[in-house]
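So that you can tell them apart, the chains are marked A, B and C in the order they are listed, and the count of residues begins at 1 in each.
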Amino acid sequence: MMQLGFALLTIGSVRAKSAKSVALKNIMDAAFGGVGYFFFGWAFAYGDKLDADGNSINNAFIGTNNFAMSTTEESKYNTFLFQYVFAISTATIVSGAVAERVKFIAYALYAFFLTAWVYPVLTHWVWTTSGWASPTRLASLGPLFIGSGVYDTVGSGAVHMMGGVAGLAGAWVAGPRRGRFDANGKPVTMPGHNAVLYMSGVLLLWFGFYGFNPGTMGQLIAADGTSFSGVVARCAISTTMGGCFGGTVGIIVQLIYSKLCHGQAIWDLTAAGNCALTGMIVITSGCATLEPWAAALGGVVGGLIVLPSSLFVSHVLKIDDPVDAFVVHGIGGAAGVIWYALMAHKEFVTELYGAAPDGGQRHWGWWQGDYPNVLGANVIWCLVIFGWTFAMMAPFFYVLKLCGLLRISPEEEELGADISKHGGSAYPGMENMYNEHEASVK
Amino acid sequence: MMQLGFALLTIGSVRAKSAKSVALKNIMDAAFGGVGYFFFGWAFAYGDKLDADGNSINNAFIGTNNFAMSTTEESKYNTFLFQYVFAISTATIVSGAVAERVKFIAYALYAFFLTAWVYPVLTHWVWTTSGWASPTRLASLGPLFIGSGVYDTVGSGAVHMMGGVAGLAGAWVAGPRRGRFDANGKPVTMPGHNAVLYMSGVLLLWFGFYGFNPGTMGQLIAADGTSFSGVVARCAISTTMGGCFGGTVGIIVQLIYSKLCHGQAIWDLTAAGNCALTGMIVITSGCATLEPWAAALGGVVGGLIVLPSSLFVSHVLKIDDPVDAFVVHGIGGAAGVIWYALMAHKEFVTELYGAAPDGGQRHWGWWQGDYPNVLGANVIWCLVIFGWTFAMMAPFFYVLKLCGLLRISPEEEELGADISKHGGSAYPGMENMYNEHEASVK
Amino acid sequence: MMQLGFALLTIGSVRAKSAKSVALKNIMDAAFGGVGYFFFGWAFAYGDKLDADGNSINNAFIGTNNFAMSTTEESKYNTFLFQYVFAISTATIVSGAVAERVKFIAYALYAFFLTAWVYPVLTHWVWTTSGWASPTRLASLGPLFIGSGVYDTVGSGAVHMMGGVAGLAGAWVAGPRRGRFDANGKPVTMPGHNAVLYMSGVLLLWFGFYGFNPGTMGQLIAADGTSFSGVVARCAISTTMGGCFGGTVGIIVQLIYSKLCHGQAIWDLTAAGNCALTGMIVITSGCATLEPWAAALGGVVGGLIVLPSSLFVSHVLKIDDPVDAFVVHGIGGAAGVIWYALMAHKEFVTELYGAAPDGGQRHWGWWQGDYPNVLGANVIWCLVIFGWTFAMMAPFFYVLKLCGLLRISPEEEELGADISKHGGSAYPGMENMYNEHEASVK
């Protein structure tokens, strides 16, 4: 479902001649990503030696057994499914950032690499009982990181920011689409070909976030027998607040910006959609520990950061990210990790994680009155995500580039990936119309 | 999800040049409506003083505290979410009725007004333990209305009819689209631009009704600890029957009508879709208290009323309602409120509401053998909904009109709202084709 | 939801001039099929005399009472809903196979016939406690078929294979679309008109399979009070593995085939989508009793069989099946019935069905070490499904053909069903473009 949301959003945002290519890539994600996560990713993430209570006691860096789910207990199957969906989501986020110019073989290889290695290792660090950054690390394995561990419950950081940074690496190494920047390096707008698909994608993702955020929490219930129904409801409220306030603020920001800089106030669909998504991503990590007003404020933050970040990426970094994947997921995800550290409510943290390993009160949000331990841990976590992901993905894409496997040829790009690689246009009969339109715009 | 269904249905039903505008409006609904309901709507609806049992004891007309969810308990979060979805659905219903001719600012203002004030007050009356029309009104606050209270469980009346009437008010004040009626006042057909989107919308809404109807009942379980699994299953059966029989009858009615009046039998997609939806709306209120055969008959009623109602609106009232929102939701919703009053099964009413405040049997459906108390209460409820909604929305739209905020200019309408207001067509490259088509039709 | 998935997949796969026709047919399925199943199908399938424990004790062939749900207990409502969805799915599968050339009246008639008679009788045999093939047959009614009964839990056979075979019968009797085979009988490719719709359909169906497979199991919980959470999780894992490995293998097979036979490696969207679906269908029956590796292997099987089967149907049988419904559902479903018989895990069979009627161990998968009883029963079951379905549907379609009710006229087919029967194109304004394209391809 999330997959379909991402797919329609991306397809709506690219030009018609690449529509089929993106469609196939999104089915590929789900398929190749599942194969990669099944054989390797699940093992690297959760494949630990277990103690008598079923907690992993292996090492802080990586899981080392249970390849191909060889010894997985059925009680962990739900975790596998959620992690699978998370893993292929990171691959899909990247697909938006490198759309319309990357070879299919490159896509297949990085989707596998991402779901089998880069993403799983990151989640081992923060979501298992042996990971160095985990707030649920077993006391027998050492103290919590900075006394609190990293708070990144549903993955503003480990899923969204990670996907956004990987997308940035890909878009940077691959270079911009032909014609995206003019001779002076000024960005040229390349509008998507179908606003209805874009909107459908946004609304499906919005719906999907109720699966992501409360759903992940609901799954915890089954895992340890405790009822989390209050937590689940809180996540759903947080998600709603994040999306509503993000979208509202985003529209207003765009109205002001277009009036001031272009002289005409534009009610912009992309601003509304991207800001609503960013608002939800900002509250993703903290969805279980934010009060409704804090989630609403988080949505406002999401609505405020999108436009300046987007201008920064296209005008200063001069990177071509057709769907603003880095802005929405990367920067929005980082903001979510920080927002959690600032705003986590004391009682809700206890409800979610229980008492600290020493039996005392766990740390909570800095702006809610605690010492800034969580803030310190989460800021470092953002740097770790950026460093690990970029250090893995940029060389990976660069090697592909050296091997000639990354970029489609200029002729193919001009013609569109659909005809050159996929045996025909996504919309047979409409090629001429779209080609004439593109020529007329130039 | 419902939001996406409404959006695709409406987009498919309007002309291509307004597609992006409708897409944005549907994201706006979810965002602005959420903000309005969060700050004000929730308080006006459920923000009551509570007694020791958590029942509202405030007053019969309106809630008066808990603005911005300031004191909401977590056990009420699920109620908030369902009510939020209901609230934005009413706004979306209106968006279909006023499509292709209303300014964006008007849309933003009425969406806020509707979700923050008009809808919440109505729900306070019928769904809280202090509302004057509520069948669960506390005995300490006075007797039930006409001895039974109004039966409108999931909102045939408070949601659908209310949205439909608001849409009628908007369509009436805004006036028809240019060219919708010829010089003699005869309606001119303006077909939608994409039947596939329309169908997707219908099927998504159909799926969504399983969330609306059984989902609302399922949520009751959590609220009071009783298991309602039988009720939930009955709602799902009712919904299925309503949709199936509504759609089937609608197709047959349209076949007969087109054969008799136009000489050729047409298997009509819009008739099938609108009648299936209307059938489901007719059984929405009573979904928990109808036997399967009564729900099937309700679907037949839904399938029968659409065509004559639609002809009445366009040929007699001469109101331009591009998606027949008033017919489907307004008249269908009213039929649902009445159908409940006629057909509610005695045992099911007891299962749902428990005993009457005096400990005796509650009233049930007139055609099932009871006195017509519920019928009287529900007929009055329909009049109240019509009166309240029209009295609120018609002046509101009229003030907007006086301020020049309601209607886009004739030039903009000719050009299409997408280009004039939203920075470009929904389908770049296809504008010429659609414009030529429109010219050729004229 | 499944309905929307099937609809979009089919619409994307046909030519634009039939899009509206397919859209209407899919709303019709849900409506007419519901009416047929409500009045007759439910009774023929489950309408048995019951013993004191609520088990049906009627006869091995057919249910005989409870028409129009007259005496259905509420505890069976969930079963009705799942069966209703299964029933209309079989009708929808057929609609793909006969797309673009069958009269609407034929469609309405066979949808009713299928959901009211052909499908229900089949399910009575295998899924009730009195059916001759059922593994849960009451001991008092006789021994299990071949000592084990037929294992077809969620319907690889009774739903998918049955729908695929009915589609084959329809496509065979109706004959190919005009121009699908050239003068020498060589197939001519007729590509679909919208790859994005196709992809949306695939991903929706993928999502829907989580409702079909684990959902059916989850419903069992309610029915008998036992918790099946482990079974549900296993079904979800199986479904994921089937889809991922099916899609991956399908892409690779197509790459090799296109390189060897056409000289250029094509990354093919249809191959990816159809093979992912087939992979899921192969593990549908056994979803509750397969270990993850066995489900993954089942997905591989699904990915391998699609291309050769499809070539066989179009080049050898010379049958025109626009969406490969027989290949995906018919052959994939048969493979699923066989795969179950080979791979069912001993402990999982016990968990699902309990002990055998004599108190001993039930039979399990042949390749897991048991005698081939289940394999024998399931192979015979495949023959029975083929025989029953073909014997019912082929004469039915043939009678329609004799009455002149089956096939639209050549002129109508040339023009497209949308304009001739449904009052206009699905995409007003785009007819000329699509017509020119078709002429140019010829």
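Worth pointing out:
Everything below uses one rule, namely that a residue touches a chain if its C-beta (ideal position, glycine included) is under 8 Å from a C-beta of that chain, and two chains touch if they have at least 3 such contacts.
Everything quoted here is computed from the prediction, not taken from an experiment.
Considering every other chain in turn, the ones in contact with both chain A and chain B prove to be C.
Under half of the residue numbers at the chain B-chain C interface are used by both copies of the sequence. Here the CA centre of chain B is 35 Å from the CA centre of chain C. Looking at chain A, one finds that residues 194, 433 touch two or more other chains. Here chain B touches chain C in the complex through residues 16, 191-196, 198-200, 202-204, 206-207, 229-230, 233-234, 236-237, 240-241, 243-248, 251, 258, 266-269, 272-273, 276, 292-293, 296, 433-434, 436-438, going by the rule given at the top.
Residues 1, 3-4, 7-8, 11, 19-20, 23-24, 26-28, 30-35, 38, 68-70, 72, 74-75, 77-78, 80-81, 84, 104, 194, 197, 222, 418, 421-430, 433 of chain A are the ones that touch chain C when the two sit in their complex.
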